[in-house]
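Next come two complexes, and both contain subunit A; in the first it sits with subunit B, in the second with subunit C.
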Partner chain A sequence: MRPYLAAFRARARTVFRYRAAAAAGMFAQVAFGFILVMILESWYGSAGGAPAPMTMSQTAAYVWLGQAFFAMLPWNPDPELRDLIRSGEVARDLLRPLDLYWLWFTRTLAWRLVSSGLRCAAILAFAGFALPRLGMVDLALPAPAGASALACFAVLMAMAALMSASMTVALSCFQFRQVSAAGITAIFAAIVSFFSGLTVPLPLLDGPIAAVAGLLPFRALADLPFRFWSGAIPVNDAPAAFLFQLAWLAAITAGGRVFLNMQLRDLAVAGS
Partner chain B sequence: MIRIESLVKEYTVSARRPGRQSRERRTVRALDGLSMSVARGDVVGFIGPNGAGKSTTIKILSGILHPDGGTCTVAGRVPWKDRIEHVRGIGVVFGQRTQLWWDLPAVDSFELLGDMYGVPPQRRRETVAVLRRELDLDAFLDTPVRQLSLGERMRCELAAALIHEPPILFLDEPTIGLDAPSKLALRAFAAGLNRERGTTVILTTHDMDDIEALASRVVLIGKGRTLFDGDMAGLRREAGDRKRLVVDLARGRRDEQAELPSLPGLRLEERSASRLVYSWDASNLGTAEVMAFAAGRLEPADLSVESRPAEELVSALYARHGV
Partner chain C sequence: MNARAGWRHSLAMYGKLVRMSLKAQLQYRTSLYLSVAGQFAISVVEFAGMLALFSRFGEFRGWSLAQTAFLYGLVNMAFPVADAISWGFDSMGQLVRTGNFDRLLVRPLSPVLQLFGMELTVRRIGRLAQGMLAFGVACVLLARSPDSFAYSFADRPLAALAAVVSLSAGFAACVSVFTSLFWIRAAFTFVTVEGLEAVNALTYGGQQAAGYPLSAYRKFLQLFFLAAVPVGAVIYLPACFALGKPGIPGLPAWSLALGPLAAIPFAFLARALWSAGLRRYASGGG
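The block that comes next holds the complex of A and B.
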């Protein structure tokens, strides 16, 4: 474990060196969150009290948690892996007595966790403490529905972090084939942010698109844990959600490993 | 220690004719049946023009690339099949790449590398203490690597490659871009490592001074094959070892007839007011005979014998082999 912890520490330290970027990202997330909750609130208001899949308070929790943990979603490949592959420095990683997949996995996990960790506290504090005191109780992040709801949220978020790392590594592997992953990233980012619930909360969807969203792994990254926080899903359903995550995590990890090893067989490192 | 047999590696490159959209793929053979072996404690220098296959060989030997044919074993292991165990026993320095964390001080990288190789912290601290003394790292060990000069960084790279005390060290163009003192320091350090710890060193370079200072054996690679394998003296013979005699003349009357080369195989290359330059093939004519000729027939103020510079030697060899 120690070698992989070293990789984790190394990546965490470099991310931590870029705190200013995290601060800038935070402001963007707060602004986005504001716009989203205000749109949804006016939508709830105009619905005239018609039965909705989630209460406004649950929806506000959903939106703010989404903004707080935005950096944890696998919407882009790790820029460090991108540079490694483009420049051929990937050779350096192959010189370490470590399994390349798990090396990249731990490193990506460190990146996702530290960058969302740096951002989330301030966003949660703003949405949970500042907004109610500014008189915007309807738009604020409510407290978790209970201690057990919070525990479910924590466990599912931890699983979501692992899933996010495994998806990011798989996405990064496309860069072995493509000179630039900008195209595939753009497509993937749209898919992830929609099907995880970051664009529109998934419970507000209807029809076949809702069915598709229910089957895809992306909702396990955000939608599922967020609904446990607010009690929109009862605690009793937590084991099923956990198994859903576990199954996808196993599948994506296994697939990613096979994909990475395929790329390594044909690896070419030009120049000296 | 290292055994390479008819190693083949091919790369696919795309080519596009000017003005056409369609892309063609072309296969380039970087290694074309390369064979050689290296014994424990050897210092072997790989030379060859750009694109000869030197770096490809190093990358296969260090487990980074999979070859398309042939076999090789390093300390009994096939590098690309048994990569994780294999890399525990090797240290690699790429002169044009870095293995240090760009944003962190070198000392942090040493700690992380120690953990990655499973070196106990106490042992790592001892190794680092020795390396920082021998490589004189103290002044910049706490500076983020991106702010180091090339010479400082290369010394850190060398230390980073040795944290786990590997018995085999690969140096791929380690002196590229370095100033003279850094080159000398690096060579002296590598030579010491070989002498004192018996580290096997494989070196690729374009700097023939690296080879002359370090390598007991030279392997010339061209077009993915071994063209020469032997010591420096053998390489000189192979290239046609011409020596030069430079005669600085005393002022006064000159006997132009006496200055003409009277020995078979001796050539007069240059003739000016104060200087004569002769050249000859060292395998056919002895230096003593040439000196006797010069002392007897000329009135030299100064004499000096020069071997052909190694750079010229290898250029002649590259030209001869058409690489």
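The block that comes next holds the complex of A and C.
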């Protein structure tokens, strides 16, 4: 266990050093959230159509949490793993008397946790405290629906972080075969963005696409925990949500290990 | 060299640089095709989201799907064009850090032109295709409902012509405003070295915001996108003129057609910031 903890801490410290970059990214996140929440407010204000399954306040919570924890989603492969593979330094990692999968998993988890941790506080503060004081209560992030709702949110977010790390490692493994995996990465990012609820809150979808979104694992990364925060899903449903996450986490981790081992079986180390 | 020959020479050089960059990008075909597909995928989900919301809510503040997709399509075609030609501005941070910007300064060609020529980013075709898809959907839907445009060439040919001219100018102006934003970000590199990432909030945020009718936003944000960073003024107002929407209540309809002019002062602002930055540039690399 100790070497993995050390890997986690080392990575966390490196990411923490890029606080300034995180601050700049935050600015964009606040702007996106602001624009998105106003667009959704306009949708809610439009006449006609089916009534929305979430209140505007719950939708605002959904949007702001999405922006705050944006960096935790498995958008992109871990740049550090990419460099390891490109430079051939992956060979050094293979020599370590450690399980490569879990080593990479802990590093990636540290990266996701610290980079979203650096961003989320200021975004949550802006959306939760500054906006109401600027006279925009309707657009603001509401407080959690209750202490138990907040607890459910916290547990599900922790699970979401683990799921995100396992997806990121799997995604990073594509780098073994491609000179530039930018294409695959972007396609994956599109899927994540849509089916986690970041593009449009999932409860607002209708028909077959909503059914597909309900089955895929991506909603467990954002949509599920966010709805517990605002009380759009009652606390009683938390065990089912947790089991959904657990099942997918097990499946993705197992699949990721197989995928990594497949890549390593006939690995030719490039670089010098 | 007189001014006209100078221009011709510059254009020829730009053409040469672009051809070289295209050749370089085509070296890795598979990777390029995948990148185009990826850019298409990542942008098409936004349009899918818009379609999903229309199927739930029916209309957007009095705008039909056809009308909204018309505006959204125009913005999503203009942005990737600006993004593709502005790649050099994106790499300014690295150029300044490594000192490679000095190499641009000693060549007998404007550094701005060299930055424009560094790369014409082919993979932006993916987002462009998404914009064209939305615009195409809008045009088909609009053609089916003949009264959705405010003017027809049969009844009021002059107004219809004005709408076409204004929309075309608006498209070019939209490209110009986004390019100016990338240029402004590059200008800040002279001061901050890192470049001002916060400007991304304006480029990508502006693109996101301008895709929907400006009336969706609170007053201060509308004002911001009309006057400060005029991505709204240049494309939303002409679209309002063509579609017969009020645009800015109280203003006569014809004045909406003049929206694209807002790109001109903004481009001058970008140029002024760039020159100010360049004047204080001191090479730090090596």
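Please note the rule applied: the second predicted complex is superposed on the first by the 265 of 272 C-alpha atoms of A that agree within 3 Å, B and C clash if a C-alpha of one lies under 4 Å from a C-alpha of the other, contacts with A are read in each partner's own complex, and residues count from 1 in each chain.
Methods note: contacts are C-beta pairs under 8 Å (C-beta built on N, C-alpha and C of every residue); 3 or more make two chains touch, one makes a residue touch a chain.
Predicted, not measured: the structure shown is a model, and the values here were computed from it.
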Clash-or-fit label for the pair subunit B, subunit C on subunit A: fit
Partner chain(s) touched by A:L95 [first = subunit B, second = subunit C, both, neither]: first
Which of subunit B and subunit C A:R9 touches, first, second, both or neither: first
First, second, both or neither for A:R86, with subunit B first and subunit C second: neither
A:R19 touches, of subunit B and subunit C: first, second, both or neither? neither
Partner chain(s) touched by A:I184 [first = subunit B, second = subunit C, both, neither]: second
Broader residue contact with subunit A after superposition on the shared chain, subunit B or subunit C: C
Superposition-derived minimum Cα distance between subunit C and subunit B (Å): 10
On subunit A, positions contacted by subunit B and by subunit C: none
Subunit A contact footprint on subunit C (complex, rising order): 28, 31, 33-39, 41-46, 48-49, 52-53, 55-62, 123, 194, 196-198, 200-202, 204-205, 208-209, 212, 215-218, 221
Residues on subunit B engaged by subunit A in the complex (per definition of touch): 11-12, 55, 59, 62-66, 83-85, 87-88, 90, 92, 94-99, 101-104, 108, 111-113, 115-118, 172-173, 176, 204
Contacting residues of subunit A [partner subunit C, same complex]: 20-21, 24-25, 27-28, 30-32, 34-36, 38-39, 41-50, 52, 136, 178-180, 182-187, 189-191, 193-194, 199-200, 204-207, 209
In the complex, subunit A residues that touch subunit B: 2-3, 5-7, 9-10, 13-14, 17, 87-89, 91-92, 94-99, 264-265, 267-272
